[in-house]
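Below: the structure, in C-alpha cells.
Just so it is clear, A, B, C, D and E label the chains in written order, and each chain counts residues from 1 on its own.
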Amino acid sequence: MLTLCVHHKDKGFTCQDDLSKISDCLADPSNTVWLDALDPSAEEMSLLAEEFGFHPLAIEDYFTPHPRPKIDEFPGYYFIVVHSVSFAPESDEIAPEEFDLFIGRNYIVTLHKSPVPLLERIAETWQRDPRLVTDGAGMLLYDILDGLVDSYFPILDEMEDRLDEIEDEIFAQTAPKSAERIFRLKSALLVFRRIATPVRDVLNTLLRRDQPLLSEHAITYLRDVYDHSLRVADSIDTYRDILTGAMDAYLSVISNQLNSVMKTLTVAATVLISMQVISGIYGMNFKYMPELGWRYGYLGVLGFMAAVALGLLYFFKRIKWL
Amino acid sequence: MLTLCVHHKDKGFTCQDDLSKISDCLADPSNTVWLDALDPSAEEMSLLAEEFGFHPLAIEDYFTPHPRPKIDEFPGYYFIVVHSVSFAPESDEIAPEEFDLFIGRNYIVTLHKSPVPLLERIAETWQRDPRLVTDGAGMLLYDILDGLVDSYFPILDEMEDRLDEIEDEIFAQTAPKSAERIFRLKSALLVFRRIATPVRDVLNTLLRRDQPLLSEHAITYLRDVYDHSLRVADSIDTYRDILTGAMDAYLSVISNQLNSVMKTLTVAATVLISMQVISGIYGMNFKYMPELGWRYGYLGVLGFMAAVALGLLYFFKRIKWL
Amino acid sequence: MLTLCVHHKDKGFTCQDDLSKISDCLADPSNTVWLDALDPSAEEMSLLAEEFGFHPLAIEDYFTPHPRPKIDEFPGYYFIVVHSVSFAPESDEIAPEEFDLFIGRNYIVTLHKSPVPLLERIAETWQRDPRLVTDGAGMLLYDILDGLVDSYFPILDEMEDRLDEIEDEIFAQTAPKSAERIFRLKSALLVFRRIATPVRDVLNTLLRRDQPLLSEHAITYLRDVYDHSLRVADSIDTYRDILTGAMDAYLSVISNQLNSVMKTLTVAATVLISMQVISGIYGMNFKYMPELGWRYGYLGVLGFMAAVALGLLYFFKRIKWL
Amino acid sequence: MLTLCVHHKDKGFTCQDDLSKISDCLADPSNTVWLDALDPSAEEMSLLAEEFGFHPLAIEDYFTPHPRPKIDEFPGYYFIVVHSVSFAPESDEIAPEEFDLFIGRNYIVTLHKSPVPLLERIAETWQRDPRLVTDGAGMLLYDILDGLVDSYFPILDEMEDRLDEIEDEIFAQTAPKSAERIFRLKSALLVFRRIATPVRDVLNTLLRRDQPLLSEHAITYLRDVYDHSLRVADSIDTYRDILTGAMDAYLSVISNQLNSVMKTLTVAATVLISMQVISGIYGMNFKYMPELGWRYGYLGVLGFMAAVALGLLYFFKRIKWL
Amino acid sequence: MLTLCVHHKDKGFTCQDDLSKISDCLADPSNTVWLDALDPSAEEMSLLAEEFGFHPLAIEDYFTPHPRPKIDEFPGYYFIVVHSVSFAPESDEIAPEEFDLFIGRNYIVTLHKSPVPLLERIAETWQRDPRLVTDGAGMLLYDILDGLVDSYFPILDEMEDRLDEIEDEIFAQTAPKSAERIFRLKSALLVFRRIATPVRDVLNTLLRRDQPLLSEHAITYLRDVYDHSLRVADSIDTYRDILTGAMDAYLSVISNQLNSVMKTLTVAATVLISMQVISGIYGMNFKYMPELGWRYGYLGVLGFMAAVALGLLYFFKRIKWL
C-alpha cells in the first residue's frame, strides 16, 4: 500500500492515496514529499522506479532481506537499509525488522514489509507539527534516524539489567543455567551489533562525502545522531567484554564449587571409613583378642571411634577444608 | 577442451569449437567473446596466451592451485581466481573448487579443471536470453561474480542451521561429541572465510582503480555484488564469534555436569558408608554389648540406620545437592 | 544556579550572580568570562543559549546523560563532555560524574548537575592567583583538563594496589572469592576505560584541527595533557591484560588445588579400604580358618594392616602424591 | 669465501675467485655481477664495502643475527635479510637459516654463514641456462625470492599434516600428549610467522617505492612472489586459529573424559557399597534376628543383593551414566 | 649534580663543573655540549631552563615519573623520556629506571635521578675516543639510543631462557608453581613492553618529521636503531603469544593429570570394595550357609577374591586406565 504525503511550504502536510501527481509535486523544489510504501507489490515498486527514477538494483534490493544496514549512493539520491529492533528479555532474543529508505533532495520514500511503529510515531509528529518539516528531506531523515538510534537505548538498558542479573547469579552460585544465559545474551549482543554498528557507517557516509543533497543545517543534526550511534556501538562492545569476563569468572566459580564438593567428599569418606576400619578390627573372629573380653571394651571402642572422627574433623577444619 | 562463444550485436550467441577465428572476433569491439577452457592442456594454454596476449605468469598461475581468491591487473585485462564451494553438513566439510577468469574489454575467458555447475548454469542463461549480454564483458563478469557470491548464502544458511543444532545440543546436555562438532564447524568456517572474504578485495580492486575496462553500468552492478560479499564476510565473522562463545559455554556446561556427578557421588557415599558404620559397630564381637541382647535391638538399629540415611538425604536436599 | 566570574586584564577575577551583563563582558576580547552553571534549569539554559549563541543541540545534549566523553565543534566554540571519577576500593566500583564545558575564544562555561569538587578546587586557584588566567579561555581549559586527567592517576594507583592484592591472594590460595574480585575489578576497568580513553580523542581534536580558538601557548600546554591521557589509556590496557592473565592463572591454581584434593582422597581411600579388606577377611565365619586360632594371629593381622598402610603411604609419597 | 660470477651479455656466466676486477665488471652496465660470500671474514667484508661502496651499518648488520627479515634502502642499492627454513616434523621445530642480500642495479651480493642449499640450487640454474639472467639483477632477485617463498609451501604442507594428525588424536582420545603437541606446533608457527610474514613487507617495499633499480619486467615477476608471500602469511594465520580452536576443543574433550570417569566411579561405588550395606546388616551380632535362622535366608539375601545391584545398574543405564 | 663536557672540534672532550660558560659554548656551533644532570635540584633545573631556553613544561616533566617513553617536540630541541631496564630472573621482575634527554642541534642534556651505568659507559667511550663525536649532537643521541635498545636484548634472552624452563616444567609435570611463573613472566613482559615498544615511536618521530636538527648521517644511523627497536617489540609479542599458549597447555596438562588421578582412584576403589563385598558376604551370621562349613571354603574365597581383583585389574588395563 502506498501513501503519499506532500508538505507545501504554506499548507502543511496533506496525505492522500492518489499517486498520479507525484512528479508534479516533486517538480516544485519547495515541496517535501514523503511516500510510505507498506508491503508494496512488484507493480507498485515499478511505479516508484518510474516516477522517482530509481535504479533497478535498488528496487531489487528491497526484495532481498538484509541482515545489516547499508547505504548506497546513486546520482541524486541515497538508498538506505536500517533495522528497528525489539528485545525479548525472557528469551534474550533480538528481533530485527528491516525497513528501507530512499532519500532525495526533496523527497523521502520509506519501504517496509510490515507496519513499523517507530515510523508511524514519527509520521504522526510531522502531521501534528508541520513546522518541524523544514529544510527539505534532510530533517525528515534526521527525525527517522534519530528516532531509530534512540530506540536502541532502552534495549541496551534492558541488556544491562540482564547482565547485572547474570553477575549476581554467578557469584551467588544458585543458578546452574548461567552458562546458557551468558551465551544467549552474548549471541543477542552479536546480532544487535550487526544491526546497530553499521548505522555508524551509514551516518558517516551521509556526513563525509561532499554531497549536495543535505543542507548544512540537517548535517549538524545528523552529526548528533552519529554521536549517539557511537555510544550504542561503544556500549555493545563494553557489554561484550564484560560478558566474556563473566564467562571466565563463571568457569572459575564452578571449578571452585567442584573443589569444595570434593573436599566435602574427602572429609566424609576419610572420617567414616576410619570409623569402619576400627569397627572392622573388632569384628574379626580371632580367638585371642583380649579387648573383646574387657568390661568396657565396647564403650571404649565407641569412644575411640568418636575421638578419631572428631580428631579428623578438627584436622580438616584447621586446613580449611570444612 | 576449449569452447568459444561469440556474441554478435544482432545475431546473439553462437558457440563453436573452431578456435581459429578468435583474433578476428576480438578485433570487432562490438563482439563479446566468451571462451571456456575445461581442463586445458599446456598446448591449449599457450594458444590462449598467444591469441589473447596473456602474460606467462598468469598462464603459470592457472596451473598452481590457489587456496585464496586474488586479482592480478595486467595491461588491458585482469586475471581473477575465485572458488565455488560446496558444504557437506554431515561431516562439516567445505569443498572449494577453484576456477580462474581472464576479463578484457570485450572478452571473458573461464578456466577450470573440472566442470563447474555454477558456470554452466550461467552460460545457459546467456544463450537463452542474449539480451542480457550487453555492455561488453563487464556484465558477463557481473553475472559470474553475482552467481558466485549468491551461491555462498545457502551455505551460510546451512551453517547457521548447524550452529543452532549445536547450541541445542550443548544445553540439552545430550551429546558428548559437541566439542568435536564445534571444532569442525569452526575449522570449516575458517576455510570458508579464506575463500569468501578475499572476494571482497577482488571486487574492491575492480571498483576502485580508475580502470577503463568496465563500463559505468557494469560497475554499478558490481557494487551490488560487493555489498553481498560484505554480508558474507560479516556473517562468517558473527558465526565464528558465536562458535567461540559456544565452546566456552560448553566447557562450563561440562564442568557443571561434573559438579553434579560429584555431588551425587558424595551423597551416595556419605549415606551408604554411614549406614555401614552403624552395622559395622554391631558386627563387633565384644562380649559386653548390651544392645545385642535387646529384644528389639535389631529392629531398632535398622530403624536408626534408616533415620540416619533419611536425615542425610534431607540435609543434602536442603543444601541443593540433590 | 549560575555564577558569572569575569577576569579583567587589570582587575583580576570578580564573581557575581548578576547575569545581565554577560554580553557586555564578552564583547571586550580582553576579558575572560567563566560561567559556572550548577544544575541549571531549562530557563537558565535558554538564557545561556541566547547570550552565548549556543546551538539547540548542544543545549539538549546537556540534558542527556553521556557515558563517554566527546567534543562537538560548532562555529566559534566547542562543546565538551568529560567525567570526574571516584573509585570505591572495597566494592571495586567506579562512580563517574559527568560535567560539560562550552569553550569559546574568551569564555568558558561549565555545566554540572551536582557540585564537582575538582572544578571548585580549580576555580579557587584562579581567584587566588589571577595571573594564571592569561591568554584567554585556553589556559582555563588547560587547568580543567589537566586537573581532570591528573585526578585519574590516584585511581590507577588504587587499582594497581588492588591488582597486587589479588595476585597475592591467587597464589597464596587463601581466598575463594578471587574470581569475583578479578571480575569486578575488570568490569571497573572497562567502565573507567570508557570514561578515560576518549579524553585522548577530545584532546586530539583540540590539538589537530587548524582552529583559531586556542593560542599556540595554550596548545603547547594541552599537548602535555594529551601525553598524560595517553599514559592513562596505556595503564588501563596494561592492567586489563594483567587481569586477563590473572583469571587464567587463577583457573590453573584452582585446578591444581583440585588435583591435590583428589590425590589426598585417593590416598586416604586406598589406605583405609585396604585395611578394611584385611579385617573383612578375618571377619568371615568360615569354620576352617586356621589363622583365627593362632596365638598371635590378632596381633599379626594388626601388624600386617599397619604394614600395608605404611607401604601404601610410602608408595604415594614416592610418586609425590603426598 | 668469496665467489664472483659475471654474466656478460654474450658470453653467459663465468665464475672465478679473482676479485680484483669487480669494479671493472660493475662499470659496464650490460654486465650482471653475482658475488657470493660464504662466511666472509671481516677483511673480506671491508673489501666488499670498498668495492661496492656499502654503508658501514649494512656491513655491521651482516655480523648481527636477525630473527626477522628486513629491507634497508640505501642510495643505489638495497640490503635485504631473509631466512631459509627447515622443519623437523618429529620435534615440531623450525630451524631458520639467515642469509643477506645486497641488490644494486646490475649486481647482487649474497652473504651467508653456512652453505644455503636453496642458493646453490638457484645458482646452478643460472649457470645452466644463462638466458634466464636478463634484465639486470632484478631477475636474479626474483629467482632467489621466488625460490625462497616457494620453499615455505612444503613446510606449510607438513604443518597441515601434523595439524590433521593432532585433530584425529584429540577426538580419538588416545594420546595424552596432545597438549604438548598443540603447544609445540603453535610455537613453531609463531617462529615461522616471524620469519615468513615480513617477507611480505620486504616485497612491498621493493614494489611500492618509485625506485629506479628494478625494471618494470622484474617488478611484474616480483608481484607474483608477493602474492605467494600473502598466501604463506594467510595459511599461517589460518593454522594458528585452527590450533587455538584445537586446544579449546582438547580441554573440552579431557573434561568430558573426566566426567565419564567420575560417572563410572560413582556407579561402581554406589552399587558395591549398597551390597556391602546389606551384607553388613546380616553380619551384626544381635540375638534376635529372625532372618538369620530362616532356611533360605542366605540365598534370599544373596538374591536381594543381586537385585539391588541390578536395579541400580538399570537406573544408571537409564540416566545414561553407563 | 651537573657535569658539563664540551667537545671542541680540535681539542676533544673536556669536562668541568663550572657551568657559567654554557651559553658561550653553545654559541659556537662547532662545539658539541653534553651536560649530565644527576638528581638535579629545582635550582639547577631552573638554571638549565634559563641557559638552554627550555620550556617550563619540559622542566616540570622531569619531576613527574613516566611509566612509558615519549618524545616532545619543542622549537629547536626535543625532550625525550626513555628507560634503562634490569631484570631479576629469580623473581621475574622488571625494574625500569627512567632517564630524560634534551637534544638540540649541538647539545645533549641527560637527566636522571640515580646514576645510570649505561650512560656512564657511553660517556667513557666518548672521552676515550673523541673522534666518535662528529656531526653535532645527533651521533651522541645515536650512541645513547643504540646502547639503550641493545641493552634490551640480553633481557629478552634471559626471558627466553625462562620461557624454555617453564615449557619443560609444564610438560614434565613436576612443578605445581607453573601457573604463577607463567603469570609473573607474562606480567613482566607487559611491563617491559610498555617501556620498550614506545621507543619505536620515539625513533619514528625523530626519523619522520622533516626536522632540521639531525644530520642525514645521524638519521641513517638512527634508522638502524629503529630496526633494532622493531626486533625488540616483535620478540616481546612473540613471547607473549607463546606464554598465552603455555598457560592454555598447562591447564590441559593439569586436567589430564586430574583425569589420571581419578582413574587411579576409580580402579583402587572398585577393586578393593569388590573384595570387601565378598568378605562381607561370608561375614554374615546366617545359620544355613553351606560354604562356611566347607573344608577349603576359606581358601576358595581368598582365591575368588584374588581372581576378582586380578580380573578387574586386567579389565582396567585393557581400557587403558592403568
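Here is the rule we use: contacts are C-beta pairs under 8 Å (C-beta built on N, C-alpha and C of every residue); 3 or more make two chains touch, one makes a residue touch a chain.
It should be emphasised that the depicted structure is a prediction, and the values quoted were computed from it without experimental measurement.
Among the remaining chains, those touching subunit C as well as subunit D are E. A rotation of 70° superposes the C-alpha trace of subunit A on that of subunit C, rounded to the nearest 5.
In this structure subunit C contacts its sequence twin subunit E using mostly different residue numbers, the overlap staying below half. Per-chain Cα centroids separate subunit B from subunit E by 41 Å.
Here the spacing of subunit B and subunit D, counted between their Cα centres, is 25 Å. Counting only residues that touch two or more partner chains, subunit E has 248, 251, 255, 258, 262, 265, 269, 273, 276, 280, 283-285, 289.
By the touch criterion the chains form one closed ring, and its order from subunit B via subunit D is B, D, E, C, A.
Across the complex, subunit A meets subunit B through its residues 55, 57, 61, 66-68, 70, 72, 176, 178-180, 182-183, 186-187, 190-191, 194, 247-248, 250-251, 254-255, 257-258, 261-262, 264-265, 268-269, 272-273, 275-276, 279-280, 282-285, 289, 291-298, 301-302, 305.
Within the complex formed with subunit E, the subunit C residues making contact are 167, 171, 220-221, 223-224, 227, 230-231, 234-235, 238, 241-242, 245-246, 248-249, 251-253, 255-256, 258-260, 262-263, 265-266, 269-270, 273-274, 276-277, 280-281, 283-289, 321.
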